[in-house]
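Look for subunit A in each of the two complexes below; its partner is subunit B in the first and subunit C in the second.
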Partner chain A sequence: MIAYIARRALFALFVVAAVVTGVFALMNAVGDPAAATLGPSAGPEQLADFNKKHGLDQPLAQQFLAYLGVVRCVRPSSPRWHTDPGQRGYCGLLQGDLGESFGHQEPVGNVILTRLPRTLLLGVLALGFELLLGITFGVLAARFRNTWLDTTIMGTAFLGISLPTYVTGPIFLLVLAFWYGWFPVGGYGVDPLDHVYHALLPAFTLAIFGAATYARVMRSEMIETLRSDYIRTARAKGLSTRTVTWQHAARNALLPIVTLMGLSMTILVAGAIITETIFAWPGMGSLAIQSIYNLDAPTVMGVVLVFSVTVQAGNLLADIAVAALDPRVRLGS
Partner chain B sequence: MDGRAWRRFRKNKGALWGGMLVLSVTLVAALGPLLAPHDPDQQHRETLLSGDGSPVAPWSVPGHPLGADSLGRDELSRLLHGGAVSMQVAFFATALAVLLGVVVGALSGYFLGAFDFLSMRLVDVLLSTPFLLIAIAIQRVWDDPALWTLFVLLGLLSWTTLARVTRAKTMQVRALDYIQAARALGAGRMRILLRHVLPNVLGPVIVLGTTLVAQMIIVESAMSFLGLGVQPPQASWGSMLREGQELMDDAPRLMLFPAAFIVMTVFGFNLLGEGLRDAFDPKD
Partner chain C sequence: MRLIQKTNARALPAWLCVSLLMGLAGCDKRPRGPRYEGAGNPKPRDGGTFVFHHESNVRTLDPHLAYDELSNMAIRLLYDGLLDYDEQSNLIPSLAETMPTVSEDGKTFRFRLRRGVRFHPMPGLPKGRELIAEDIRWSLEHLLSGDVASPGFPFFRSIKGAEAFHSGNEKHIRGIRVLDRYTIEFTLSEADQTFLNSMAMTFAYPVPKENYARRGDQVGQYPVGTGPYMFQRWERGVQIEFVRNPRYFAARPGPNRMVYLENVQRYVASLRFQNGGLDAIHRYTPAHRRLYKTARRWKPHRKEFAEAVIYGLVMNCELPPFDNVHVRRAVAFALDRKGWAKARGDAFLPTGQFLPPSIAGHVPRLENRQRFDLARAKREMREAGFARGLRKEIVLWVGEGDSGRFYGELVQNDLAKIGIRVRVRQVSFAVYLEETAKPKTVQAFMSGWAKDFPDAASFFDPVFHSRSIRSRNSQNRSFYRNSQLDALLDAARIEQSPSRRAKLYQQASRIVTGDAPWAFVYNPLSMHVWQPYVRGYGPHPVWDKDYRSAWLDLPRRRVAHMLTGRRFAKSMASLFPFGPLMSKRFAEGRFTQRRRPAREGTMRLR
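And then the complex of A and B:
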């Protein structure tokens, strides 16, 4: 198992490296950050200045090595750079430095440290909604199979997987925030409790797809499980239907949900980008859109790095969790 | 589809509804630009914007049954043209993804070896990257993104699941006796692949392709919603939704019309896909 995890981790590292390299080339070679940052009124001298200041006038390979922290780099706001432009230090990924944002005039690391907890709050709340709704309704649908309850739940779930966040989000905003005023019209709030209150609607929006998917998977898994021998044994022992459903069957039917949770990181990341834009939530998703739009290469790199690591970690953790929960699963075989 | 699959499909009410939805939306998209009463990009500021600059309501101005959008453009014409754009992107992107997925999957599954190893690692990489983020970034740095760059991009990023499924099915079929027999009879590799392997992977490919159209509609609309898909003034359902959201409080219809079309289309393709899955691969 350790060998398997090591191999998977190595592959995850490879994927992250591939994505980072690809996006770096895309941002710095194909795009023109100077023009995007300074706007159309900037003259050629200003553009050249910008490029020099951020080291964009250097060969792409050298820029990349500097970003990684293998060769010395240019860092505009470091005090050393201002006092003695000739002196350069190492300031790349290897040193834990994500570089300097073009737009925010501060280290990308700091920007991300402010934004990441907000997106995590959104993600954790969304995951909570997904699991709560998905598992409950999935089990109910299986328990009352082929009744009106099952049909209603599954119909709703099917609609749920066909409702994109950019449709539900604005409609929730319109109805629940604008018309009824139950929820704030976007934004982040001022204190911790307020943050959670502001996060409820976007988190629910984000959770619809996942909840619907989990409910569907949970139902079919439960139906399968309820057929197995040990359930019949439990019933024969005289245990109540409720105990058998929730404690015996539901527990085993949860396994695929764990795998799905890991895989759903990609969906949560994509969802966060859209949902945060709709609800003006100042997290990683809206940062991603802003920085891509402004071709703020260092920030884009930082965001892509964080998102890729999240997705990889999600996949890996799901594999490990399934192996830990199900003794029949042997990793690496 | 053989006779039994077709009968199962016909009995499935959801699938029939899905098929009808898909058919009508496709018709709207295909014929929309011909039926559209006005130029979708032309602004009728005098006639279609009221004094305070807000767009006129449906039915209030003759000849413009759905009223106008925030720039005084005919809403109905934009919806019809936007549908054509959204469906075009979704269909071409899906076609490219299916082509790539089937070719890569069949070659991997049939020949195995180094090509298989490399292509499957590429699939792993693509499947575990933040898809939307990459698509947006690529679309942004493109100097003058045209419609075809969008669907080529989406197609290139989404052939992975199809390749995996095709590969698995090919490997399965390849080991069967009648393939051995065909080989013994002197059939070439290409002939075996085209005549014997391909028909067998067709079922899962049709199912996956159908749901992929729904996903492509979602992704295209998402990108246009974020302002990085179809470029203005060209209409697509996603970009109309984005423009509609700005006037949400005064004229929610501008947001709800395109939203309804997107949901209807995605719902239809998902229903159809589900029905086809049940028809090809009955479990109960």
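And then the complex of A and C:
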């Protein structure tokens, strides 16, 4: 088990490194961050000043190595910078320094620390909705299979999988927030309870795809389970249908959901980018979009790093959870 | 086979869900008028929170570096200048006691400061401190210093010694003299009729040196000014909060707080505005624009006006085929401006010359104006030697978003008629800005120019003067050079007689219209809409979105309800035959006007 985790962690590290390198190359392949940050009216002196301050006047390879923290700092804006190269410190990923955001003019770490809890709130709520709706409706569809209820649930699930967030988001905003006024029209709110209230609609939007997937998987798994011998035995013992369905069948049918939960991190992360933009939710997703538009490479790199680590960790945790829950699964074998 | 049939029959409820969702999206029966109205206070009153927005993010709150619409919306709340503009675009004194006295040769300007104006509180100075003439001198020297590299420098280079100071050759600017605690004098190296306009620009707003000494590079995030609102908090990319300045020298009733929401998409902003979550709006979707424009109840709370902005197709005069004036003219005559306006829902005024109608120098009936004339365009192509059209396609760059692509397609369509094939290249705004400002790089692109101040010099000098051509980040992006035009513009800049200046700019207009480095297409129509309980606000002719004079007529009252089940049923009925007749009352927006008890609409920070 430990060897397996170590192997997976190493692989995850490799993936994250590849992502960071790729994004760094992409962000430096297009446009001029100085012009994008300072605007069309910036003069050559201002542009040169900006490039110097952020170390963008250095060779690309040196910038990248300094970003990783394996060579000395190239950013005069960093606290570890010193005019004497001998006394200059390191200011890269290995030192826990994600650089300075061009747009926010503060360390990327601070920007992410402000935004991350909001995306986590959205993600946790969305995951809650996914599980609640997916499992409940999956079990109901299986329990009443081949009835109108089953068809309706599966039809709706099909719709949920087919409709992208950028379609459902504006529709929910229009109907539930604007027409009915049940939810606020986007935004973040002022106090913790208000944040949760503001997060409900975007989280629900974000959860639709996952909930629909869970419902479909849960249904097929439940149907399979309900045909098992031990369920027949439970029924023969005289247990009620509810007890058989929820306590015996549903618990055993949950296993694939655990695997899916790990995989759904990717969808939650990708979905957050669109959902947060639609609902003006100031989290990591909207930060990513704004930073990409503004060619704010350090912030984009920071966001991508957090996202890729989250996805890798989610997948790894899902594997471990499956092994822990199902004695038949032996990791690494 | 049976299974399929059975599934189809049982899928009916699911497909009803589809229909329901599509119906919800399609049958828009929301109230077409405002949902709130004011309390009817006869006099302006204090209180409340005014919430406004933009769809992008603010770069800085340092007036010496800010040079964009978004930042200026906030800067106008925080700072004041020596001069300001009134509602008719006339210069008026602000921090200055009166308008400056000007010497006969038009080179020396003496300002007398208003007494008792105080900077906002700042660390170390909890009550702020008084603004004196020395602050004006320090602020301008900071602005014009080479270390700051402000984009505002070109507007003040006519001050004697400004160039030498900027390049570090002199310690102070010779042309700025502090005569006493409240008097300051500026001497120019040559007469410049735009100097007072420059002094009214946000770049010239005085700032306290203590704040700059303390904050350093971070000063743009912790602004201190003399304006009617003080900075409270800024989460970058999310929102900026301001509180009222209790010591403001020209205090008048207004909201206690202002909240500036950043990065709110047009669709969300418009829904939020109609729900009462925003107090004013200027960016919305085309569908919402139509709603505000046609709905009777919004009429008293909206204003539509032609902006002092020009949009057109820019042709690089250094690159073939646009190094040939006849090809440029052919393009200028091939664009069907009225057709474009129709396609865009009349969101702009078609034009055929450079200066917008509100700027002195605009010629109402310019004889050689650019217009849609296909025969003339074809004749120009023949004269250029391309009677059969161009063999190679041209590449047209457009910015991001739907509108960029839309205009690209319109150009493609129009130029195909004169044998020019166009490939539209859509790029991000940052790439667009960078590449179009490089010599011999981009053949043609859609672009616009907005005024820095309401004067023709603010249009001509940066866009067409050969002095504005740079090897990188060039302002003259058509790379058009004409010595005759340069001489005219230089003469106009120093001419003191307004009528003679206007004539010089009219001559300049004729030259650029004929040489066609741009195909001038339109002046956009802007529409600002505000809530009925927002009073004292209207778009400013110079500052555009200037909320400092607004006040809230609170408590606001709700006058239209959200949808209820009954109304929802009626709106759904419109999906079926004869349904529209049943729900006609709702389609016309005659929404229920039942009133709920009044409630305070303040502190609605969303």
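Keep in mind that, in the parts below, the second predicted complex is superposed on the first by the 315 of 333 C-alpha atoms of A that agree within 3 Å, B and C clash if a C-alpha of one lies under 4 Å from a C-alpha of the other, contacts with A are read in each partner's own complex, and residues count from 1 in each chain.
Here, a contact is a pair of C-beta atoms (placed from the backbone, for glycine too) under 8 Å apart; a residue touches a chain by one contact, two chains touch by 3 or more.
Bear in mind the structure is a predicted one, so any value in this text is a computation, not a measurement.
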item	value
First (subunit B), second (subunit C), both or neither touched by A:Pro44	second
Partner chain(s) touched by A:His248 [first = subunit B, second = subunit C, both, neither]	neither
Which superposed partner A:Arg219 touches (first subunit B, second subunit C, both, neither)	neither
Subunit B versus subunit C as contact partner of A:Pro170, first or second or both or neither	both
Residue contacts on subunit A - larger count, subunit B or subunit C	C
Which of subunit B and subunit C A:Tyr293 touches, first, second, both or neither	both
First (subunit B), second (subunit C), both or neither touched by A:Val190	second
First, second, both or neither for A:His54, with subunit B first and subunit C second	neither
Touching partner for A:Phe158 - first (subunit B), second (subunit C), both, neither	both
First, second, both or neither for A:Arg143, with subunit B first and subunit C second	neither
Those residues of subunit A which subunit B touches in one complex and subunit C touches in the other	30-31, 158-159, 170-171, 173-174, 178, 277-278, 293, 295
Subunit C residues within the subunit A interface of the complex	7, 10-11, 13-15, 17-18, 21, 24-25, 28-30, 57, 59, 67-68, 146, 149-151, 153, 217-218, 220-221, 235-238, 261, 263-265, 267-268, 271-272, 274-275, 277, 400, 428-431, 433-434, 437, 470, 472-473, 475, 562-563, 568, 605-606
Of all residues in subunit B, those that touch subunit A in their complex	124-125, 128-134, 136-138, 140-142, 214, 218, 221-222, 225-228, 238, 241-242, 244-245, 248-249, 252, 255-256, 259, 262-263, 266-267, 270-271, 274
Residues on subunit A engaged by subunit C in the complex (per definition of touch)	30-33, 35-47, 49, 77, 103-106, 111, 114, 147-148, 151-152, 154-156, 158-159, 170-171, 173-175, 177-181, 184-190, 198, 277-280, 282, 286-287, 290, 293-295
Complex interface listing, subunit A residues touching subunit B	11-12, 14-15, 18-19, 22-23, 26-27, 30-31, 158-159, 161-164, 166-167, 170-171, 173-174, 178, 266, 269-270, 273-274, 277-278, 288-289, 292-293, 295, 300, 303-304, 307-308, 311-312, 315
